[in-house]
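A, B, C and D label the chains in the order they appear, each numbered from 1.
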């Protein structure tokens, strides 16, 4: 198939490459000419803009926008819609808020344009490992671009089949992509995926914090263990209940430097963690772990909260406890 | 009554004073001669040590140890027990762990010594307002020293009676002290009191953080409110559902400086918050709020956790996200 | 002043009564004729609808909508706006989302109508104690209706002045009402108030849970205390650091029945707890306690979460642990 | 080597089998004769008790106690110590509290007996996959039984080596076992492992709860997605950031029944989750996620907390809200 890809950053560029490796054609555009040139060197067709891209695609045209969530995606989808007509397909592969997908799909449907949202996991490893994709949109559109999704997905690979999985179940899930539901469903599932990701990461973070604390010279010597965090991460990869890809990454980082001194610990959060909590609240579902994980990131980015100071002030008020800056 | 008081810090000194104001006699000792002198100036009898104190008390002797929890209290109670005999009374008014009380009471009972544990709330305000006391120990011992507790307690004062409180209920509760149960029960109730205190404080802290955040110039102007936190604290004291003494203290601190710049925000925790969570876990009672409040204090005292760095490392591992120290 | 009040429920009816007691006139309307009749019996002027009400008010007309948040408030404000003109004042005293206030104020301003949002705390006790009010809107409008707010507020009463509060500060805060900022600011502050309220309530709830658990016969006898929760709540009201109005209410409920058997424990939440967390996330402010308090309410209303079952399923998967329904 | 194994339950029996498959000899004992018979059928040597077992072992004798934590392990270790002498080795492979290990090792060392604690992960899958082991004890003892650990461990298998792991690092970690430190260190690391396990599990549980809630007919139709949880779990196994063994197990459970109706959702917790929080508090390390995960399990086992009822009572007190049992 021929796919027009807008946004050639870490994700978009490699998606184009993986598609081309599978025999698909990629027409590419980015605001940075360098990014376009790099893809052209790998076999892509350059486009000078969205209108030019449209001219270079087949009919129905297939556009894949791979941009950060927010205004830029909104503008790009709008711009694509302007050059599209009946039957064309617009795919948003970024991290859009799923309610934006619902709205956009509705608006584009009025012009006969088919909108697909794709949540993509796999990060910088996707080019080699393939991308795990959660897809929302109308069935006919999703089916139309299925060859493309099949090429991007990891495929069965060496991961064992799930015991007990019935033969009749959707085979795409085992290839690493699913059609989750109508427009918005793809990004919704990806959003929850990221919410879980935050929770998993924080669970490891707290566990290693406790191991680290036990090795700390703040404890008296009899209570201390001098633990090798690198070896602990390694051994847990091998037969333990908590083995995971995130643990693999932790083990690798700790193998390089057990103090992790290259990392600031100012941990960013994308919108998806927050949206997951929003969704939980809309459904009245308690999500203490996912929320605590999100808040740990907020907290990692400030020195002291104002609330901390208020605590100090109250303690001074009732107990005369003095907690003043040195 | 005549009471021997060991430990003349912020709490012990004022307890002696309030007892003397009510006509009781205080024999006092402290490691700091200055502290003894100050009490003697207020009418107390000086003791040069525990043995000397014993000689200056009536029979049965009543000792009140008012020291920080931990080794020093343990040593003092042991030392008192050595000079005591059948029928004498040893009171621990510090913040001891209630299981230590159970153990001590048992050990002292073998020599006929009666042990009482008193959890005391009221902080630096107790001298004027009276002390709220939660008492554990055998009934006969607690009854014997009742006149002393009655003098220390706030009394009915201006606080309205609780609607619906039956006439037959223990009148002491309305005077501000209770006999909570056998040895340990007093400190157990005080421990939970402090656990709740942490939760309440953190609830206000987070609320004011959100108000502060809404006034922050990190928000775009249309989304910002320039809120006067001092007036908000003040108005909530008057007729709102969240009025409390801790809010009174917050209002006072904010009235002096709305930025609370005098406070570091490195918030200490005594053992009681931690013991409360221990008790919750022993009972298998979920206590998410009390625990989050405790952990917020731990977090206030570190710059970055090691866990934060591990999060950064994982994010770099899967997404190439760079979170390095500047 | 003459005020038109729409919505004569628990809150609206008593607001009308308190205004009339202070010499103001109330023109009243409710969908329930009985509610109108009751107010007329107390001296109010009946209106048959919004248009009729407008005719019975002075110029500028002052409308006070006191309805639950959501569609009904939106419709009512729209209906009022239709009969209003330049300079008239529309007050929303319900629990509206503050962003709705911002939007409404803007829309109404185009017709010269002045919109005020009032967050009101005090519950069923407001008629006697007065209402604590947090007000948003333009200064001239808020000033115009000041006599009405002054009548509704608790006034100085017996609550002591805050030590350290400067003389020059807004005196209204000490009377129990504040002008918090432009439209939306009133409901924003009230929203955070409710968020804090949830946190405070849950802190007490967990504390009493731990006291209750310690009295449980699930513990072996030596580890158990037979605690009198009624007396504990009572004594904490008197001189302790955690005294508050919510504790007063708890003491009263426990005095009536220490088992609280009349209460289901299916705890509702209004929108404001959720909006507070939304606001925290928008500001990137960690709010672990307020969130845990909200989630505890969600959790109180379900028997088992699906997540609980998944935990059981995983435990069965790795450990052969059997957690099946009996 | 020849190893005496006491406790032939799910774990102990399979450990004996895996050792025998590797050419080691197992002398076995259990309170259930049936369990002994089953092992003898697989090639083990029966012992009629600990003394008999000692007679059938080489010198130094190697005992492996594989019993649930608590009194039974304590009694067994004591009984073994009574028949042991200088140089013999006692291994506790159960889930003991690490502070018990420290104490036991000290006591046994006085008689020249060498104590080793082994935290074992792998559950019912260990016989085939091998056991991930975290080992504490003196170097000479651990080295002596190394062939046994090597046989029990998974070995390198198909799990890729960690990129960046230096050549010089302890090779045992890559085989799936580590010598973590002195006595207690093994169970300490295993304890934290289980704490993390709880956190990971709860992160998935909450995520699937949110997916489930989105499919609920409590939502209005436009806001609902009819999500296939089985396929979602499956697709996340393949190339996503959150792939893990626990997810594999979830996918398998959901493949068998997407409603998980066979599971009660009354989720048990072993002591290790609780001890992990204890350790965090001793180190003053915030562990919000691990604690929330533990508390979710407590909460899953009660219908309503007493605290829930107190919330209802307060709500009735200030707002007249009625939350009574139907």
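Here, a contact is a pair of C-beta atoms (placed from the backbone, for glycine too) under 8 Å apart; a residue touches a chain by one contact, two chains touch by 3 or more.
Quantities reported herein were computed from a predicted structural model and do not represent experimental measurements.
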Chains touching both chain B and chain D
A, C
Farthest chain from chain C, comparing Cα centres?
D
Between A-B, B-D or A-D, which repeats the contact pattern of B-C in over half of its pairs?
A-D
Per the C-alpha means, the centres of chain A and chain D lie apart by a whole-Å value of 31
What's the distance between the Cα centroids of chain C and chain D, rounded to whole Å?
47
Starting from the mean Cα coordinates of chain A and chain C, work out the distance between those two points in Å.
39
Can you tell me which residues of chain B touch two or more of the remaining chains?
123, 202, 204, 206, 209, 241, 245-246, 252, 284-288, 292, 295-296, 299, 305, 318
Based on which chains are in contact, what kind of graph results: line, ring, star, complete or other?
complete
Going by the contact rule at the top, pick out the chain A residues touching chain C in the complex.
241, 269, 274, 277-278, 281, 284-288, 291-292, 294-296, 298-299, 301, 305, 318
Which residues of chain C touch chain D once you look at their complex with the stated criterion?
10, 123-125, 201-202, 204-206, 208-209, 212, 245-246, 249-250, 252-254, 260, 262-268, 288, 292, 296-297, 299-300, 303-321, 323-326
Considering only the defined contacts, which chain A positions touch chain D in the complex?
121-123, 126, 129-134, 153-154, 157-159, 162-166, 169-170, 172-178, 180-182, 184-185, 188-189, 192-193, 195-200, 202-204, 206-207, 209-211, 213-214, 216, 218-219, 223, 225-228, 230-232, 234-248, 251-252, 255-256, 276, 279-280, 282-290, 292-293, 295-296
